[in-house]
C-alpha cells in the first residue's frame, strides 16, 4: 500500500509536452481513474508512475519517497496493459507466477499465492492452457491475476477493458471494483470511457492536453464541472452548449427569438444581472419536450426529430443550425411538438470567453 | 427455380474446370523441370547404386545388389568423412548461432546509421562460396597471409592453417562462419524485433532482470525463427562443397573431405559411378530428413505470421 | 526510455559488449576490405611481407576480367572475360525462366487447394536443399548423352531447376499477401480468373517478382558446384574460371581477387534493391511478408 504524490510532473517528448506540470495526491488505498480523450497525457502519466517513462521534470513520490530513479521492477508496482501482454510462450500458470519467479520467491510461497489468486479469479481450469486459447476477456483476467499475485503497493491499469467484448466488460468492471476494495491496493486506472470512470472511481482525474482539468468524486464532476470541457466530456449523450446573449431583462438563447427570463423560465437572477456573454450548459436529461400548455416555463423551439431508444424517447432541436438533444416527456407523440422546458436545477453557466463555470456566489 | 439452379451448377462446373485447367497449366512448367532435373536423376541414382558401374565404361554394368552400400558403410574412410563433416557442422552452427544471436540482439535496437551498419555486415553472405574459399586461402597462407602476419605482430606463433588437419578444420569453420553469421544476424534481428514492446514492459514491471528477460522472454519467443535458421544452416553446412574445393581442396591429404566432397571425388576423379550413386543416396536421405523437419516448422511459422 | 542508474557492472558489461561487437565487425568487414585492396595489387605487392596498405594500384586483374590489354589472351581455354559473359547469359536467362515458372506455380499454391499440394510444396522446397553433388553424379552422364555438357543451355536448365523452388515459395508468400477478394470481385463482375490474374493480381505483386528475381539472380550468379562439373572449356562461368586461375607461379591472386570484386558488384546492387524483402527471400517467403 502506498500514497502516491505527483509534484510538478512534466513529461516531454522532444518539443511535445505530453504532461505539463501535473500535481496530484493519490491516497493510500484509493481508486483513482484518469479520464480524458486520447492523447491527453493520461497514459503517459501512468507509464511515468510505473517507471516506464522518465519524467522530464518534477517528482513522483511513493509514501514520501522520491522514486524517479527507480526502475519499474524496483517500484513494487503491478500493471495491466491495454493490449494483452501475456507471455505467449508460457501457459497461464507460468504467466501468473512470472513476477514471483523473476524475483526468486521460494517455490512453496509461489504455490500458496497461486492457489490464492486462482481462487479469486476462478482460473483453476485454465492454468494449463496457453494465452492464445483464451478469449480476450479471460486473458485480461489472467493479466490482472499476474498483477495482484505479489501484493503490489500500487496497481496501475491502462485501459484494461477496452479490448474486451461489451458484455464481458460489465462483468469485469464489477469484479475489478470489488477486488480493489477487498485488497485495498492503491489503484490508478486510465480510461477514455466515462462510464468506466463513473462506476469505478473514488475520484476522477480529468485530463486534457497534458493538464489536469478537474479532480473530484464522479458525482461532483458530473454535477459541477469546472469548465466547458469537463461538462461536455462527461455525461452521455453529451451536454448541450448554447450561447446566451444578454438582452433587456433576460438572456437570448443563441440566435433564436427566445429570451429566457428569471420570471418565466426560472433561470437564476444573477445570470441576467451579470450582463455578460455566457454559455448555457444543459444536459439532455434536463431538456424536456412537453405537451404545449402543460408547463408555463416552457418555450417554443423548432423540433427536428423525435426518436426512441428502447423505452425512452429523445428529440432533436436546433438553434442556428446547431443540433441539440433532449428527452421527450410527452404522453403521446401526435400533435404539435415545440414546447421545450429546461429543468432549472440542471442549468450550468459558463463564461463565454474563458470557458470556466460561473455561479451566483462569484457574481 | 430448377433452370436457375441448373445454370448455376453449370457455371460452377465451368469455374471448377477452368480452375483445374489453371492449376494444371500453371504447375506444369515447374513440375516438368523438377521431374526432369530432380525426380528422374534421383530415381536413376537409386538404380545405379545397385550396380558396379563406371561412367567411363558405360557398357559394362554389373548388378551387385546392396554391395555398394555394404562397402561404403563398412569403409572406415567414409566414417571419417562423416565424423569430419559432423565436426565441421557442429563448430559452424554453434559459432554462427552464438555470434548471430549476440550481434542480432545488439542490432535490434534502433541507433543512428543502423541500416548502413546492417547492410555492411551482410556483405560476406553475398559473395560466391568459391570466392570466399579463395579469399580465406589467400589470407591464411602460412608464409605471406595477413592472418599469420597479424598473429606474428602480436607475438603469437604462426600457424600452418591449411597444412594441418585440425587447423584446416578450424580454418574452414572460420570461413563458413564468416560467410553465414550475417544470415543468422538477419533472422535473429527480425525475430527479436518481432517481439512487442509491451511484452518487455510487462516483464520489466514484473521485476525481471535483463538477463532473466533475455532467457525467459526474448529467446523463447524468438525460438521458432531461430530454429528455422538453425536447420537451414545445418543443411547448408552439411552439404558444403564449394568452400572446400577452393579453400583446402580436401587437404591436407584427405583430412578436410566432407561427405559431399567424397561424392564428387568418387564420381568425377575415380569414376566409381555406382559407388558414388550409393553415397549420394545416403547423403540425400540425411538431407531429406532434415528438410522434412524444416518444412514442418516453416509451415507452422507461416500460419503464425 | 526507462529510468536507469549506471553501476560499475553496467559499465563493464557495456564496454564488453562494445568490444565484442568491434571484434566481430573487424572479422566481418576486414576480409572484404582485404579482398578489394588485394585486387589492385601487383604480384610483387601481394606477397610483400609485411603486407602493404599503401601501394601503386595495378589494374592487371581487372584488365583480364574485362578482356582488355595484354592480359586478355593469356588463358588457354576461354578467357576470363568470356566466362563473365557466360555467367551473365546463364544467370539472366535462368533467373527469368525460374521466376516465370515460380510465379505461376506460386500463384496456384497460394490460391487453390489440390490433391497432393503439401507434397508438391515439400518436393519443390526440397530441391533447394538438395546437395548439388548428389544429382551431379547422374547429370554428368545425362548431360553427356543429351549433348548438354559444356553448353550454356545445359547450365541454364540447371539454373532454372536450382531456383524455381525458391521462386515458387517466395512468390506464394507474396500472393498470400494479396487479398482473395481481388479475384472474387473480378469474377463476380464477369471477368475470367485468367484476366484477374494477369491484369489485377500480377501488377499487385510487381515488387515481389522483382525481389524474387533478385534472389534467384544472386544464387544463379554465385553458383559453382554444377558449373564446375558440367563445363569443361566453352561454357565455364566466372566462379568456375577463377577456381582454375593458376599460372606459372601458382594461383593468379590478383585475377582471383579482381574477379571476386567483379562478382560481388551486381550482387551488391541487387541486394540493395531488394533489401526490404531480404527476410522473405532468406526464409522461403515465410517471414517478413508485408
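The first chain written gets the first letter, and so on, giving A, B and C; residue counts start at 1 in each chain.
Here is the rule we use: a residue touches a chain if its C-beta (ideal position, glycine included) is under 8 Å from a C-beta of that chain, and two chains touch if they have at least 3 such contacts.
Fair warning: this is a prediction, and the values are worked out from it, not measured in the lab.
Distance from the centre of chain B peaks at A, each centre being the average of the chain's Cα atoms.
The interface with the greater number of C-beta contacts, when B-C is set against A-B, is B-C. Spacing of chain A relative to chain C, judged by their CA centroids, is 59 angstrom. Once the centre of each chain is set as its mean CA position, chain B and chain C turn out to be 15 Å apart. Chain A and chain B have centres, each the mean of its CA atoms, that are 58 Å apart. In chain B, the residues that touch at least two other chains are 204.
Taken residue by residue, chain C touches two or more other chains at 2, whereas all remaining positions touch fewer. Multi-chain contact residues of chain A, defined as those touching 2 or more other chains: 51-52, 71-72.
Those residues of chain C that touch chain B in the shared complex are 2, 17, 20-21, 24-25, 27-29, 31-32, 34-35, 38, 46-51, 100-102, 104-105, 107-108, 112, 114, 120-127, 129-142, 157-158, 160-161, 164-165, 168, 187, 192-194, 197, 218, 221-225, 228-229, 239-240, 242-243, 251, 253, 256-257, 259-260, 263-264, 267-268, 271-272, 275, 278-279, 282-284, 286-289.
Those residues of chain B that touch chain C in the complex are listed here as 15, 18-19, 22-23, 25-27, 29-31, 33-34, 36-38, 41-42, 44-45, 48, 55, 58, 99, 102-103, 106, 119-124, 126-131, 134-136, 138-139, 143-144, 146, 149, 153, 178, 181-183, 186-187, 190, 204, 225, 228, 235, 238-239, 241-242, 245-246, 260-261, 263-264, 267-268, 273, 276-277, 280-281, 283-284, 287-288, 290-292, 294-295, 298, 301-302, 305. Of all residues in chain B, those touching chain A in their complex are 196, 198-199, 201-209, 212, 216-217, 220-221, 223.
Residue ranges of chain A in contact with chain B, taken from their complex: 50-52, 71-73, 77-79, 81, 83, 85-90, 98-99, 102-103, 146, 150.
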